[in-house]
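In what comes next, chain A is part of two complexes: it sits with chain B in the first one and with chain C in the second one.
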Partner chain A sequence: MPSKPPAGHFRLLYFASATSFTRKSSDELPAPLPITDLFRLLEKRYPGMEKAVLSSSAITVNLNYIDIEEASEGDEPMVIQEGDEVAIIPPVSSG
Partner chain B sequence: MEQDEDVDMTATSSPSLLKRNASNSSGDHDSKISAGLDQEAMEEEESNRRERAVMERIEQEASAKLDEEIRQEEKMNRKERAAREQLEQEIIEDKEGEEREQLNIEEKEMLLMDKAISVLPSLPYFHHHIISKRRRLDGGHGMVDDVPDVSLFKNTIQTLESVIERLKSDLTRMEAAHARGSAELGRWWQESKEKTRIELKEWMKLPSRKAGKAEDQDSRPSYRQSKYQKYGRQMCMPEIGFDGQIKLTKSKVLIVGLGGLGCPAAGYLARAGVGTLGLVDGDTVETSNLHRQTLYLEEDVGQSKVLTAYGRLRQMNSRIHYERYDYRLTPEKAPKLFDQYDVILDCTDRQSSRYFISDAAVVTRKPLVHASALGTMGQFMVLNNPPSLIDGNAHQGPCYRCIFPKPMRPENSRSCAEAGVLGPVVGVMGIVMAMEAIKLITQPNSTPWYMIYNAYSKEPFKMLNLNRKNQNCVACSEKCTITRELLESGSLDYDEFCGGRINYDVLEDHQRMSVRDCKRLMDSKPQEHVLVDVRDKVQFDIGHVKGSINLPISTIYQSPDAGLGALGQELDFQPTLGKNPTVHFICRYGNDSRLALRQILDSQRIREHGTLDYGRRRYLMGMDVIGGYDAWRKEIDPWLPDY
Partner chain C sequence: MAEEPVPVQSLKEDGITVALTYKTLNARAIMDEVRSPKAGAIVLFAGTTRDNFDSKPVLHLAYDSSPPLALQTMLNIARSMKSKHSLTAISIIHRLGVVSIGEESILIAVSAPHRQAAWKGGEDALEDVKEKVEIWKLEEFGGEEGGVWRANRDGAVGEKVMDGYNGKNTG
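Here is the complex of A and B:
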């Protein structure tokens, strides 16, 4: 099993086209991070990623599917915590 | 048969065996075989001694044709063997349980066949009449003779269509044999006749078996006995048991797409003994399918996937009912088709079908087993389970749109043809689909789940929770806008929704050149022109135009300016280039290269400076190569791998 992310960080896993876009299978990013900032941060690191990958991907936090819009709404938007595991899962169509 | 085996053996062995084989045969035929087999042996070593092979190949082009003929003969032999095995299998089966019935059936069948031929124009009605009558006698459905059973009638038509389809292809082969004056013609005729007999016999028997009480008292136990024997190992499982097996026997499963996912899924479900297996696909078998699509053999290339799969599946389990839909499913047809089934398996390979199959499953309230695979990764979900109810059922499972409300842009969504896929990866997903379908049938209340398989990861299987519906889903929430009527009207344009087709028409005519023109340029002024191949590195490594350099399109997409930087760096290492070389672009088929060149021309660097200045050189942006690597292989260098 993979090791825990370093202190003060969370792990971001990439699948399918997210892997080919970033050329990585994962990143370790500083936590805490409001979920509203996640896409912005990734777009900065990987220009073009939001449009090409993120906008149509499913996002999970600690293995639970998250509706980004829903999680960003309200007075207290969701915050990614230290040690969390976030995954970017783009749709795959072929078979 | 003997000769057939000789050919099989020598085809994969050394030249010494070839000679022995040649000396065993005689006359004209002899030289055909040896020439053809030399050719094959050569092809094996092709990668090591391509240069030499080119010369020899030219000499032997004529013999390649003969080689093909031999292969055809071999194929015929194999088909004959298959037909014989099928026949033998049937004889064994008959002996096992239906010896008494056998005689009656044979007699009845002869009578039926005679009668059938005399009433050929009304054969479908005749069949319907006979079966309805049988059912009534059996007390099966209490059907009145004059009231047509529409689904039975449809089945009749479909079966006849597939028989006719096969007869047509038999005819084509026989015509070819006739034209050649081949002695095989007689054998073909016999084989075709035998196949027709078997197919019609099977068809005539089907519905009566389904009616349950069809067999008389003596033959009933033996039939059931064979069923116990066949499914005993899975019936022993507490998860299935007797009740589970009965549920399976009564179940109807529809498999949409008979590719890498559909083949293994269909195989396991047929063997598990589902009642009806529906098979949908409009494609034919291609050579590039064979590494992962497990129902097809080399000899099936060019044949209909549905009909080929049907033949193979029936050899696995002849006692279940198959429905064949030899066409590509459309949103308009989907709801009516799904109505007839209990569980739907989405084994398709394009984004638009993913969406409309999900929508059709929602409006017909069917659970949907969904999987996909690409490269080394697969995704699996059970969707719409329990099936969504428009009136807001708190427990209903999410649909595909809940998880992926926005489709992937077409330029970012790649297919197996472009990105490749590993056979076992897609196989794993197909088998998981079969297992989940069995679970849905035998234990319908399992919770929805999502699994990601990543073959090369440290954690190959990852389970995710998929228990959230999207409260704003356009397909399955209370706010839904997609209805059955809308789907069936055909007014929903799924291709458009998925971003339509990519517009490749982004260059002027003078910005494109043919492979021949490109070759001429490269040959005449090698210092002034350089070819950049925008395929993946892996594909580039399989084969590329001599002297071309690799810059994957993903690099350009990510950032055209950074891509240009990488390009400059790469070109800087090319010692033979002059001071102001022109850069041309090539890809696999001539599509991506156009997009790549467009992106580069639109980049800040080129817009501002017009050229790429890097190191000691100034690079001009040139043209796109029409038809790409594929055209280069066909027109210039046939020895480039046709991968």
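Here is the complex of A and C:
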């Protein structure tokens, strides 16, 4: 893995269709960020990404899968912190 | 991915090896990993790259991965298969990067005291790997078609890769 993201940022990793759509392997985005705002932010940066990529993708934070609906329930939704490593995981196709 | 190709990344524990590599896969080596005097059967599965998808010619395939996630998922599958089918040993290796047509992209070897468990364990492991492991296949068609990220789920066609990206490929 590359070096840590700069202060006040987290790193977002892209794979497969997410890499193709953004034409990047990663982004460094300002933290903290409520996880419920992540897709909105990405859709703004990369118009069309939500429908083409995100709607069928899973999310990991520090290598753990996050259930977005569960993470947004309650009074305090999960917040992505400075230094976290978040990844967009499109439907897999090994073999 | 712009990650530096590393020769082999692997996780090992008792009777289990899972690995990712950019090199050509070696069937003999993975059989030797699971070979044991306690086992009366070794089943080896070799997945090779096809030259077509829906009769469209494929030039080559390329595999992208999140290595830490993929290795952990492979380890979890191997543990679960070893216990479910009482396997003596199980080894799973997947190739990354560009793989030429007709070459192996995945090898799964399992050993067990008797053949039934080995057959079943091998098949079960492959299905689980294809469903869960964080590896992505790009089929390169060349020409205007370009590349398409395949999705194992539901036989989905996946996303087309091209200049002037215009959203979903209805294929």
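Just so it is clear, the second predicted complex is superposed on the first by the 90 of 95 C-alpha atoms of A that agree within 3 Å, B and C clash if a C-alpha of one lies under 4 Å from a C-alpha of the other, contacts with A are read in each partner's own complex, and residues count from 1 in each chain.
Methods note: a residue touches a chain if its C-beta (ideal position, glycine included) is under 8 Å from a C-beta of that chain, and two chains touch if they have at least 3 such contacts.
Keep in mind that this is a model prediction, so the values were computed, not measured.
Chemist: For the three-chain arrangement built by superposition, which of chain B and chain C touches the greater number of chain A residues?
Modeler: In the superposed model, B touches more residues of chain A.
Chemist: Could you look at A:F15 and tell me whether it touches chain B, chain C, both or neither (first, second, both, neither)?
Modeler: Touch status of A:F15: both partners.
Chemist: Looking at A:D67, would you say it contacts chain B, chain C, both, or neither? Reply first, second, both or neither.
Modeler: Touch partner of A:D67: chain B, not chain C.
Chemist: Once the structures are superposed on A, label A:E28 by its partner contacts, choosing first (chain B), second (chain C), both or neither.
Modeler: neither
Chemist: Check whether A:S55 is in contact with chain B, with chain C, with both or with neither, and answer first, second, both or neither.
Modeler: The answer is first: A:S55 touches chain B but not chain C.
Chemist: A:P47 contacts which: chain B (first), chain C (second), both, neither?
Modeler: The first partner, chain B, only.
Chemist: Which chain A residues lie in the overlap of the chain B contact set and the chain C contact set?
Modeler: 15-17, 20-21, 25, 48, 51-53, 56, 60, 63, 87, 89-95
Chemist: Would you tell me which residues of chain A are touching chain C in their complex?
Modeler: Chain A reaches chain C through residues 13, 15-17, 19-21, 25, 48, 51-53, 56, 60, 63, 87, 89-95.
Chemist: In the complex, go through chain C and note every residue touching chain A.
Modeler: Listed in rising order, the residues of chain C that touch chain A are 1-3, 47, 63-66, 68-70, 72, 94, 105-106, 126, 129-138, 147, 149-153, 156, 158-159, 161, 165, 167-168.
Chemist: So in the complex, the part of chain B that touches chain A is made up of which residues?
Modeler: 257, 259-262, 347-351, 354, 371-375, 377-379, 403-404, 406-409, 412-416, 419, 421, 426, 429-430, 450, 452, 454, 457-459, 462-468, 470-471, 554, 557-559
Chemist: Residues of chain A touching chain B in their complex?
Modeler: 1-2, 15-17, 20-21, 25, 46-48, 51-53, 55-58, 60, 63-65, 67, 70, 87, 89-95
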